[in-house]
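Here the structure comes first, spelled out in structure tokens, and everything after it is commentary.
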Amino acid sequence: MEALKIVDPSLLGLTSEQYSSLGPYLWVVGGSLLAMIFAVVPFIPARISVVCIAIASLIGAVVSAAHQITADRTDLFAGMMVSDGYSAFFNILFLATAALSILASVRYLEKQKLEYPEYYVLMLFSTFGMMLMASTLDLISIFIALEIMSLSAYVLVGFRRNDRRSNEAAMKYFILGAAASAILLYGTALLYGSTGSFLITDILARVTTKPELMTPAYHLGGWLVIVGFLFKVAAVPFHMWMPDVYEGAPTPITGFMTTGIKAASFAAFVRVFISLGYGKDIEAAIGGRLHDVLWVIALITMFFGNVIALTQTNLKRMLAYSSIANTGYLLVGMIAAPHSEAGYAPILMYLATYTVMNLGAFSILSVLSGKGDTNLNLHDLSGLARRHPWLSFAFAVFLFSMAGIPPTAGFASKYYLFYSAIQAGEIWLVVLAVLCSVIGVYYYLRVIVYMYMRENEGLEKFAVPALAAFSIAMMVAMTLQIGILPSKMIAVTKKVVAKL
Amino acid sequence: MNTENLVAPWVVQSFCAMIFFIGLSGVLVRRNILVILMCVELMLNAVNLSFVAYAHQLQDMGGQMAVFFIIVVAAAESAVGLGLLIAMFRTLKTVDTDEIRLLKE
Amino acid sequence: MEWLNTHLLTALTFLPLAWAVAGMAIPGRFSKHWTLAGSLLLFAVSLKLYYGFDPHGAEFQFAESVEWIPGLGVNYLIGMDGISLWLILLTTFLMPIVVLSSYNGVEDREKEYYTLLMALQTGMIGAFVSLDSFLFYVFWEAMLIPMYFLIGIWGGKDRIYATMKFFIFTMVGSLLMLVAIFFLAYQHKMQFGSFSTALVELYKVRLDGSGFLSTQSLLFLAFALAFAIKVPLFPLHTWLPDAHVQAPTAGSVILAGVLLKMGGYGFIRFAFPLFPQAVVLYQPTFLVLGSVAIVYGAWVAMVQPDMKKLVAYSSVSHMGYVIIGLFSLNAIGSTGAVYQMLNHGISTPALFLMVGMLYERRHTKEIKEYGGITKVMPLFAVAFMIATLSSVALPGTNGFIGEFLILLGAWKANPGLTVLAATGVIFGAVYMLWMIQRVMFGPLTNEANKKLKDLSLREIVVLAPLMVAIFWMGVAPNFFFRKMETSITRLVDRTAKAGAVAVALKGER
Amino acid sequence: MDISPVGFYLFAGVAIACSLLVVFKKSPVSSAFSLILVFAAFAGIYANLAAHLVAALQVLVYAGAIMVLFIFVIMLLSADEPSFDMGRSHPLVKALVGFFCVALFVMFVWALKKSDHGQVLVGPYSVAAVAASGGNSKVVSQLMFTRYILPFELTSILLLAGIVGAIALAKRNLGKEGK
Amino acid sequence: MLKWIPLLPLIGFTINGFWYALIQCRPGAKKAGATIPGLIATLAIFGAFLISVKTFLELKGMPAEGRFVEQHLFNWIHVGDLDLKMALRVDSLSTLFTLVITGVGTLIHLYSIGYMSHDATPGKFFAYLNLFCFAMLMLVMGSSLPILFLGWEGVGLCSYLLIGYWYEDLEKAKAGKKAFIANRVGDLGFLLGMFMIYTHFGTLEFTKITELLARGDFIAAISPAAITATCLLLFVGCTGKSAQIPLYVWLPDAMAGPTPVSALIHAATMVTSGIYLVSRLNGLFSLSHTAMMTMAVIGGLTAFFAATIAIAQNDIKKVLAYSTVSQLGYMFLACGVGAYTAGVFHVITHAFFKALMFLGAGSVIHGMHEEQDILKMGGLRLKMPVTFVTFLVGWVAICGLPPFSGFFSKDEILWNAFASPHGSKLLWVVGAVTAAMTAFYMTRMFYLTFMGKPRFDESKMGGAHDSHAAHGHDDHAGHGHADHGHAPQGVHESPATMTIPLVVLAILSIVGGFIGIPHMSWLEEWLEPVIPAHDPATFTAGHTTEYLLMGVSTLIAILSIAYAWKTYTNLKEASARKARHAKLHETLEHKWYVDEAYESAVIQPIYEMSVKLWKNVDVAVIDRVVLGFGRVSEWTGQAARTAQTGSIQVYAVMILIGLALSLGYLVRGF
């Protein structure tokens, strides 16, 4: 047997155009490293320098990511990583989430006496993990990116070290996260065993050319990977961890998690779901049963997400369950995507608007939360409109957007999603989804009732920090802009998804 | 090479599955967080073995590469996990999952 | 000014919103004058609409079309015909009256109050002009938010329950309508290759309308549910009394004056032309529901202790007439129904304004608190009497024309039911006159009533236009019919013919 | 596909026994030691499957580094009191876990058995070819730095994150606490 | 010229109305006198009277068949194939009615100036009176059924406003409400009748309807059942408006209004609109025998029934009210047997003598300072000579003694009841008995009021009477003329403005009969184009029986007058007889407990039903269902929420179960 020619020269070097496509990732990693260094520099107060570096690197990354959207697709690292419209779209989303979360948490950490620079470094690492999840095409790399994101998240959740609730939340998240990652990994192993490759593009190619590769082990592996992702996005049977973690974690982190981590998980989920080969004719996948199972999961996710949220008085837990409900709507999008003309575009749009809405809401909550992040209850909000008209107006816009009332982005994206779901023939699922969202309308409006219509014995007056006010205002503007003129956003998502 | 008394690939995979489920049941049943972490390691090892077995069957190096990365991930994970455990121990003075029921409903 | 001529409807729709936003800069004290000026200006602009509209011209005039969401085939398509002309004029006519009536009725957070009123107007006018079903839905929902806040913040004791119930009730109905709109757009794509939610396009979509549960019937039911809740039709009306009792005077005037018309307008603009067979199939059911609504509304109104609730239930009864008028599916009945919508938009707001005036004086709406106030408030008594006559449909007032045409139209469709519906004429007189007797006539027993002041000049100016309208619409209805008749007949005949043909086809098949 | 049955079944038996011990042993230390035995058994199987580098790593990293860390933490937290806490867990939980784990295992075995249909795909790296081109470690390391360069770099970031995280959590006083 | 007849009263109404609303009822305004508004109103109606006389003369000059004057005002409703024009049309029938309305109306307006001199708000009263005349004139001059309906409901409204004029007394307000609602029930029938006509005839114009009625082939096409139904529905409208059996209850209570109102509305004009409608559509009615028969029977029954009640009434106005109901019964009896001309004739004569007697009663009450109970009157012939004489004429006319108008019209009706093809002997008997009773109770009232010794104490009355407690019957506490309390002056004759109309009406009551003397009645020949006269051949009896019957009816009248006169000369004997059959008398006094019957049979159940409807259907069923959804989702939310126990074990087990179940389902598909 002669020696195998392993070394392939083309893999060694990186062409200049590949470098530019790696721009965003390099910015973020560079930023985090620099931040770590400045954290320990004696003279400059870490508080300011680390934040500035973090924001600067995020902005640099956004700029370079913006070029990628229009640039055509370039493959990197022997096909393991790709820089196409899809990944650029999500990169911008994650970078924006990170930037806005940092803006919201600067004053928050000061109030909570938690001003450690590690916070921002870990935030950058987690963002890096997310960006990779959206752009890697190889199962192992996706797993590693997932781990980068999750490890930083576990630490960030447990960041308030001497608070029992924060530790408890972090530990719960860690253990269940680890178990779920193991399940995902085992699925990858089974897929590898059936198709002989990690690259999802290869898997798709091999499965479509030789359908007999779809052995029971393949389906088993595929379902385990799907379950791994369902856990990450907190679909109902696997959602139990989310409310506790959201309640225990510091508020900006909850905001960061509910938007960033969910979006990243969905980004990877979409790529993997397409490559599993079930997309062509979802009704017939795994003997027609995959469609039914996903249908049921989507329904119970929407139903229980909304119904339990109805009973919550703690704001963070309520938004956690509303996030579960939104996962339900996204799952409806997933089921409908293969057969609808708009494909996965509605999911992307929904994720974008969902991120803007929730981030805005959580920034407001971080501004509202008092010392020690006491759990924020509904009646703390009563009469807020009288003392902070603009803040409560912003919160009302976000709530109306989550409830899906017309002039807001939430409405545009939710009904673009249902619109494409109807085209895919899922009429009864959409009717049920619509009825669940009516339950949602109730508890979103209940918050507005407390703010506007109750006498004000709630929180005492407090100063709204400038940074947070700026980010909230920007998000309100985005929500209304997308709500009134959604066509630009729809066009972008459609173009991005076309090359998927 | 007498082929008939060789170990069939599905047997190896079933063995991995068994180890995996023993690890999983350990995570579910045991209350001591340390043991839970160990069981997670056990599950990851089962997956590693499955990777190597498939690599061997498919005559492809991918499996072994994957194992290499999984070991690294497991290391990082347990580092953070134990860090969390220490932080929790410092405040809750216990490693029992039954104590941490503060966040519910 | 040239832009104004070509884009009159857009200007009309968004002028109030812009005016409200501009009003933000004005200190709270002056916002009410600012809003009054704005609403009067809007009324003037809408009169331009009246003179520009040529009844025998194109089906939809002052049409404007701009691409809004190409992905969904939705474009900003607005236009108006005879029906929406009068409903818009009703809205712009009522708004100055509402603003003037809440001059000293509202003390706290005045600026937000008037901003919400103007935003509400944008929503309403938008809904009346939009010819794209998605755009209609957007305005339909956007209208809810200002009303939600109006009732929620300035309302009565348990306003939160009322406003929440109002919002969720309308929301459930309208969401199913939205699903139906999407399905229609999808059918349009299947049959014509491209998505479109424009009304004129959707007319062309052919749907299987054979059975009671055929696709066309299900779609019709989805639309009908949304509009029946809004009308409100008998079984779905319980939100109305609560909303009215808790709403501030201005809120309930707009709610009764215009929002209830949205249901009727929705039926004749969307449900009828889109699903002719289903309309013919479900005609008897809705005729029965309408008649029951009339009698039920009248009977329950009779026993109400609270004046506002009584007038609210009277609205249920009046709108029952509108439903039978619409579903008689002939020119006379439908024209009567649309006219009845206008009448109801004049007489019920007058009644609500006067109850509001009493509330401002005595801070109670209970009938037993009053008695014999004609002695101290004679002019008020005259005005209240005129409004009652209009609501009781006395010939010479606007109510009679509406009810006469509706009953005549309904008689052609189904004589038996019309007898039941016509008994509403009696019960209508019973509950109104009994209320007048307990409030207006009889000895002046209650001490507090002795000191009541009669109508102030402002209040006279508020009520005068309504009184004039009552008689003008009663004596010279042709002035109104001329402009709306061709549109109504065009819609109704298309529905009746298409529906009948299909039913006949089904019959002989 | 030449796994010598004797070696494999021996190591497999040890591995299963020890992993059961890990789960059902009272004290965490004994669980830790039985886990080390499991790792050793696994290393044996790896060697049997001609994955020598992995076997070495298994022993060095898993048994050596991670388990040492575990034992160190057990001693640090003196969490070794023999609290056989499994007893206290809710009987229903145990019943459910038992039932569903067995059910899943049966499903897995059925699926794996059903899909074991011989050599559909064969890659170039047969045992002989690997030996020919310089042994397992050489091939693995060459692949590591050419085809699998991306995961390799990512793991470096991952470890970095792990370190920063562990310090942020466990370090006694992080700068001036609450300055 | 025609439009000025209704327009003048309308102008009168607007002037008085606005003057009252804008000036008089401002808080500080001084109290307006009755004369100025009175004059405006009277002039308005008098102008209308002059124009209607001119129109009458104009019509006289025209040839028989072309005898009508039309004037188109404007297009009222033009929708689809319905094209209603607001047009006035006066032909021989309606000109008679306009003459009666404007004539009697003028007299009553004049009378009211005096009567309402002490009232607080005369402007309002005269405004309403003029509005009534406008509505009544529209009713009779309308060229199509909807315009008639416009007038029909307009008069209903005015009667409501005028009955409840003294609104501070709750009883009066209730009476007004009762009148309006009773009318509304009738109007419902009328409305449905109109729809039937429209669907079958395609038009609502009278001229077109009469043309179609003439075309035999057209009538054959319509099913007889439909025609009967239409007639019956229209007749229901008439019973409501003209107070026949089922819906007459509102008329006696309508006496709560001021007396001129009772005279004008509830005697002369409004209540006769039913007859106008029936005679206007006589072509339609004569097509269906059953409708005619029901009309006759109900008319007869009402006449008899009302007469029995009238006997036991002590309030002077109540007696007159029931007598009006009875006389209306006669008119419908006439129309029922096909003698529409006789009906119209009786309308005219009745208008004269009944208005006379009401005004007479009014002046008695005015003189007796609001005393209405005839048992407390007596011997007024000396105190109020003019009222006495005119009342005497009215009394004689209504009893039907020969030279007076009452005799001719009532006799015409009895004769037709007896001999016409639609009539029957039984109907004549009922008519005759009722005639006897009419004579009895009228004589009783006349005697007790004017003859015998005065049974009242003059000194207590006079200036202070407005403060006396509201005893027994309703009093006019409302219109206190407290400001100029005059010295107690006893019973006095009414001023000239009140007595002149009495005299005029007395003359008319005498002369009125001569326009319809049997066999050479000018009236029959005048109404020929509108109401085709009966050809005598179809009659079941000849002229001789006619004269014979005339004699019999006169005889009955004389006998019952004598009998009544004898009984009431000595009161003690009369009260003794009353005690003997006390129970019958007591029931009569309570109007056969009809009001109480209606209350318990109709109004109470509806009230309870609506309370139940509101409480059970609205609150219990619909609201509970609606809130039910909320509660169910709340409950499931709570249940699902408790599953979140917080322990990691449970969460992990949930994942395991999720995984196992989904795989269990999927495995079969592998």
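By letter and in written order, the chains are A, B, C, D and E; residue numbering begins at 1 in each of them.
Just so we're on the same page, contacts are C-beta pairs under 8 Å (C-beta built on N, C-alpha and C of every residue); 3 or more make two chains touch, one makes a residue touch a chain.
Keep in mind it's a predicted model, so treat the numbers as computed, not measured.
Participant: Chains touching subunit B and subunit D alike, please list them.
Facilitator: Common neighbours, subunit B/subunit D: A, E.
Participant: Which chain wins if you rank chains by how close their C-alpha centre is to the centre of all protein C-alpha atoms?
Facilitator: Measuring from the global C-alpha mean, the nearest chain centre belongs to C.
Participant: State the pair with the higher C-beta contact count; candidates are D-E and A-E.
Facilitator: A-E
Participant: From the C-alpha centre of subunit A to that of subunit C, how far is it in Å?
Facilitator: Comparing mean C-alpha positions, subunit C is 44 Å from subunit A.
Participant: Suppose each chain is reduced to the average of its Cα coordinates; what separation in Å results between subunit A and subunit D?
Facilitator: That gives a centre separation of 30 Å.
Participant: Could you state the distance in Å from the CA-based centre of subunit B to that of subunit E?
Facilitator: 99
Participant: If you look at subunit A, which of its residues touch at least two other chains?
Facilitator: As it turns out, subunit A has residues touching two or more other chains at 140, 144, 147, 151, 154-155, 158, 161, 171-172, 175, 179, 196, 215-217, 219-220, 243-244, 442.
Participant: Two or more other chains in contact with one residue: find those residues in subunit D.
Facilitator: Where subunit D meets two or more other chains at a single residue, that happens at 89, 93, 97, 101, 104, 107-108, 110-112, 114-115, 121, 123-126, 129-130, 139, 143, 147-148, 151, 155, 158, 161-162, 165-169.
Participant: Show the residues in subunit B shared as contacts by 2 or more other chains, in ascending order.
Facilitator: 13, 23-24, 27-29, 31, 37, 53, 57-58, 60, 62-63, 65, 69, 73, 76-77, 80, 83-85, 87, 97-98, 100, 102-104
Participant: Name the touching chain pairs, would you?
Facilitator: All chain pairs meeting the touch criterion are A-B, A-C, A-D, A-E, B-D, B-E, C-E, D-E.
Participant: Which residues of subunit E touch subunit C in the complex?
Facilitator: Touch residues, subunit E against subunit C: 21, 25-27, 74-82, 146, 149-150, 152-154, 157, 160, 164, 167-170, 173-174, 177, 180-181, 184-185, 187-188, 191-192, 195, 198-199, 606-607, 609-611, 613-614, 617-618, 622-623, 626.
Participant: Give the list of subunit B residues in touch with subunit A in this complex.
Facilitator: 13, 16, 20, 23-24, 27, 33, 36-37, 40, 43-44, 46-47, 50-51, 53-54, 57-58, 60, 62-63, 65-66, 69-70, 73, 76-77, 80-81, 83-85, 87-88, 90-92, 97, 100, 102-104
Participant: Spell out the part of subunit B that touches subunit D in their complex, as residue ranges.
Facilitator: These residues of subunit B touch subunit D: 1, 5-10, 12-15, 17-19, 21-26, 28-32, 34-35, 37-39, 41-42, 45, 48-49, 52-53, 55-65, 67-69, 71-80, 82-87, 89, 95-96, 98.
Participant: Would you pull the subunit B residues touching subunit E in the complex into a rising list?
Facilitator: Subunit B residues touching subunit E: 24, 27-29, 31, 97-98, 100-105.
Participant: Spell out the part of subunit D that touches subunit B in their complex, as residue ranges.
Facilitator: 1-3, 5, 8-9, 12, 15-16, 19-20, 22-23, 28, 31-32, 35, 38-39, 42, 45-46, 49-51, 53-54, 57-58, 61-62, 65-66, 69-70, 73-74, 76-77, 79, 83, 85-86, 88-89, 93-94, 97-98, 101-102, 104-105, 108-109, 112-113, 115-116, 121-127, 129-130, 136, 139-140, 143-144, 147-148, 151-152, 155, 158-159, 161-163, 165-170
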